[in-house]
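Next up: some structures, all given as structure tokens.
Across the two complexes that follow, chain A remains constant while its partner is chain B and subsequently chain C.
Our next item is the complex of A and B:
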């Protein structure tokens, strides 16, 4: 069938109408091959404008449409819909931008008209080589990947899992529960953290819609919101690994935080002086009864040293002051009459309940001391803690126990996780949220959310708030049964030309390309490809082309534009 | 230099010249199981050319000319054809010049060769005789080359060899130092694990300092750099602007031989041979309209510039293209000029190391900021 191209130029009110000689443009293009109509209209995107297009498509039996108007970002879809409504394949259409790229920027009317003519001719020449493409609908995958089986991950999984939404919960270690499962009473309620976490573990394990992958890590994530392809790599008992492919629509990263180790603690006697313990070690001692329990020790004097490693990491870990206040209260209960000092630099007691809780610790006997620097030394009678009080004065305490409160740091593997998910890292090494205030639980890319300490140290309650927020985002946007239209202007590889050099794999930002060693060629996963064209440009063998941006189409367009 | 290199080599006797010494070493290596077969340049039966030959029977090594007077098929092409379908555990010792080995390493990055079981042996190269000169008078070619090998005077060698500062690069797993080494001896220099392994299999111990060889090489290479600079300056002037370029390439007959012999041009089908570049006569007329005429077949310049943009970062300046040009276009010198400038901008040296990523697949956040807005 012969091509019958219709060319339409939009005046965009005065925007284009006053800056371009539209009749001159119409004159210039009307004799071009296959152009059967060249017409103008005041505001093409308006109702009457669209009707004008439709009527002309019908009466002139147009097969291809070229509109010279605004940015494709603004109205490409509008006119593609007009095509669809009129029975023209929407890809037999080309929009050329003569507003942002001509009328608004080229002051000289003659020059602007000349430029418009070139762009119009280029678009007309290009559209002659367009191929019809058919849209495909892809059902969204409502399932969700949750990485990390601590309280944040479990809370998100529990909120999300339902008969129509399976949750894959991936946990690196042998068991769920994260750091909280090892906690005794937690502030401010002094209810048992361990019991709370264990109760959640029971709920997760009893939930038919949550698939727990233990001893496992996520090794590959490719795709986009609604359609992620994930590989979960599990460690087997015999030392081998098992790769499980999982498809999900969204992901929640709840990888938590770790406690700082090493030099900052060692400098304060940890590992070399008896009686110097970390707050986590004290928690374990309180839990197993080695302090305060029957036959347990009862220290007579204890110094908590706060902010250990804070200078090194460069941030306040938020939860340690309250944790020490809690541990001080427990110690004072377990070892009646003990002297408890909390040496702090700055107190971090935000929120409604925290201050009252801290005052409770003081009332119970804890001695809050503000200090600027602390040194810990071993001596015969116990441990010496020398610290300065800021105004040049120094103080020396003799204690038989020192509890170090180290900073919280990103867990090992965070960098790899960030790279795999394409999520940015904050300078301290935690995962970076999309917006600190407006979207603290969203990662920078669609469909990936951050819960709990993955994006910075957080208390249990804040972690759960975030987990619920992540779940809310998923529940409100990833609706089972909905479809998404994957990009169809994607790349494909011609096997006969592909040399298997794998350059395309290196430049693909979406992980959409795989190499087939048997055939010695690469393949593009069309459901993952976003049509950026990187591979097309990088392929030295001309084996890759991008639908709707073929070599021929671009060549023809350029020929006319630079004539 | 690669890991394993300790600045020591093995000083080997070569009473009958370096070719005989390499043959002897290959024979010994084969005997001791260091390799199952040998890929080495050999004189063709008619006696007027040399080709890379896969030798299974060591008796045939007598005819091998490891340091051949001409570069015919680029060694990297030979290795590609040998290993393109993957590695099957056959250990092969491949003898070639440094520029050929550099191309092999580039092709390794492009997954076009499999080096798992290939041991590459390179040597100081005196250059090679222009292929067409040799074809016209092989006897004279042999004589001229023997003299160049004896005196290191490269004035009768190909222009690209005269400006090659990497002709003494120890690229191979084993490299034979010839320059600055006492008469009647060659210096075998191991590189990396493979080199050390091969030398151990040969029953040799690297115990001879390579300093003298290195100093002589560095001095010679500095001289070549000077020649190259002058050559490039001249060429840059001649090739500047569209008209300069068209003049330089004017004699091109579109045979695409330069592409066919190029080791780095590894595509199954060259884009410039594909039907995609064929246009309708009205398209050509359109183009002719602009300047009044159009050379047919068209796209001569596009072919050279397209090929250049595709392979120039990996171009090792081996000169195979220029040898293959039937009309004497200085195509290797032109490509070498652009390659040198382009590679310098990316601080990239093709063939330096197989671990070094190609610039095309390397992302630097801060790069070429001077061309940003």
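Our next item is the complex of A and C:
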């Protein structure tokens, strides 16, 4: 069918009308190939303007439309709708921006007119090579992936799972529960962390809508909000691995935090002096009753050393002051009259309950000492702790036990996780939220959320608040039965031209391209491709084409633009 | 204004600019909304990401007589498609190297990062590039006849 292109220039009242010689533009384009109509209108986006377009499309039997008006960011969609209403495929349309990028940036009418003519001609040349594209509606997948089975991951999974929404909970270790399942009493309530987490584990395991993948990690995540394709890699007992493919609409990352190890602790005698333990080791002893409890032993004198590794990591880990106050209370309960010193640099006890909790520890006998530097040494009668009090004075303590409060750090594998999910890392290496204040539970990628300590050290209650927030975001946006319209201006590979070199796989940031070794060609998954066109520019064989930004379309536009 | 410049240089440069949809194109729009005045001789091709700009397009434009070609995109780290502009940067470096090898003035091409909020930077970049190209005179290729 012969092309019948209609060209329309908008005056935008005086905005374009006064700065561009509209008649000169109409004259310049009306003789171009396939142009059957060139017309002007006062305000094209107004009701009468749209009616004017529709009437002309009908009477002139237009097949393609070019509009010279404002930025596509303003009204591209408006005119695409006009096309749809008039039975023209909305992609057989081109808008050229002669307001923001012409009429408003020069007062020289001659120059503006000349530029408008060039842009108009370029748009007309381009539209001749446009192909009709059809939108597809994709049903959203309401299922959710949760990575990490600590309290945050479990809380999110429990809130999300329902007959309409399956949750895949992926846990790297042998069992659910994370850090808290092995904890004794937790601040500020002193309820048993272990019991609380175990109760959650039971609920998760009894939930028909939660699929738990133990000994497993997520190895591939590609796609977008509503439609992610995920590969879960599990470790088998015989040492092999099992790959399970799951499809989900959103993901919650709840990979928690780990306790710093290594030099900052070793410098304070950890690993070389008996009785020097980390707060996590003490936590385990308090939980299993080897210290405190019935029959457990209890040290008579203890020094807590706070902020171990804080300078190295560059941030305060938020939970350690409160944790030491808690552990001090437990030790003082276990051995009445014990001497417990907490050597701190700064105290971090924000929130409604924390201050009173700390004062409770002091009342029970804990001795809070501000210090600037600490040294730990072994000796016959115990452990010596020398520390400076700031004003030049120093103090030496003899204790049975030293508890180091190390910084909390991102779990191993966080970098790979960030890269896989396209989520940024903050300078300390934790996953970065979209906005620290406004969206502390969202990653910068649509459909990926962050819960618990994965984005920085957090208490149990804060971790659960975040998990609930993630669940809220998912429940309010990923609604079963809804459809989404994936990008249709995507790339595709012409098999006949592809040499299977796989250059395109390297450049695609979304993992949208797969290589088929049988055919020795690559394929683009249209549901995952975002349409950036990077692979198109990278392919040495010119085998890739991006719909609506094809080689020919851009070539024609360029050549006419600089004629 | 344009007349005076035209007289000075004896010609009006033809400049092709590539803008990515998310940053530099929006920056160009903002320059317009702020009514920042700039030379109007450049013509913009909108692409979704600067990484769509195949160096072949730049060669084509130069060969077809463009006096200068400027590619613009989001600042490093801000590409709407994660890392597209890093590829653009690499391709541009290669392109400039090739231009140098074949004895073509590499300063006729330029790569700049301009964000959606940098209207003034967009305008000043265009001023600057226009001045550079004006001082260089016509693209020698535009005088040659290709068979």
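One rule holds for everything that comes next: the second predicted complex is superposed on the first by the 560 of 563 C-alpha atoms of A that agree within 3 Å, B and C clash if a C-alpha of one lies under 4 Å from a C-alpha of the other, contacts with A are read in each partner's own complex, and residues count from 1 in each chain.
Quick note on the criterion: contacts are C-beta pairs under 8 Å (C-beta built on N, C-alpha and C of every residue); 3 or more make two chains touch, one makes a residue touch a chain.
Keep in mind the model is a prediction, meaning the values are calculated, not measured.
Look at the residues of chain A and decide whether chain B or chain C touches more of them.
Higher number of touched chain A residues: C.
So, does A:558 touch the first partner chain B, the second partner chain C, both, or neither?
The answer is second: A:558 touches chain C but not chain B.
Pick one for A:71: touches chain B only (first), chain C only (second), both, or neither.
second
Of the partners chain B and chain C, which touch A:209 in the superposed model: first, second, both, neither?
After superposition on chain A, A:209 lies in contact with neither partner.
Once the shared chain is lined up, is A:489 touching chain B (first), chain C (second), both, or neither of them?
In the superposition, A:489 touches chain C alone.
Touching A:533 in the superposition: chain B (first), chain C (second), both, neither?
second
First (chain B), second (chain C), both or neither: which does A:115 touch?
Second partner only.
Does chain B (first) or chain C (second) touch A:107, or do both, or does neither?
Second partner only.
Following superposition on chain A, which residues of chain A contact chain B and also contact chain C?
After superposing on chain A, chain A residues 507, 538, 551, 559, 563 contact both chain B and chain C.
In the complex, go through chain B and note every residue touching chain A.
110-112, 266-269, 271, 274, 276, 283, 286, 290, 310-311, 358, 360-361
Show which residues of chain C lie in contact with chain A when the two form their complex.
Those in contact with chain A are residues 1-2, 14, 16, 25-26, 28-29, 31-33, 35-41, 43-49, 51-55, 57, 60-61, 64-66, 80-84, 87, 91, 123.
Using the touch definition up top, name the residues of chain A that touch chain B in the complex.
Interface residues on the chain A side: 496-503, 506-507, 538, 540-542, 551-552, 559, 563.
Using the touch definition from the top, list the residues of chain A that touch chain C in their complex.
So the residues of chain A in touch with chain C come to 71-73, 97, 99-102, 104-108, 110-112, 114-115, 118-119, 122, 422, 489, 507, 509-510, 530-534, 536-538, 546, 549, 551, 554-555, 557-559, 561-563.
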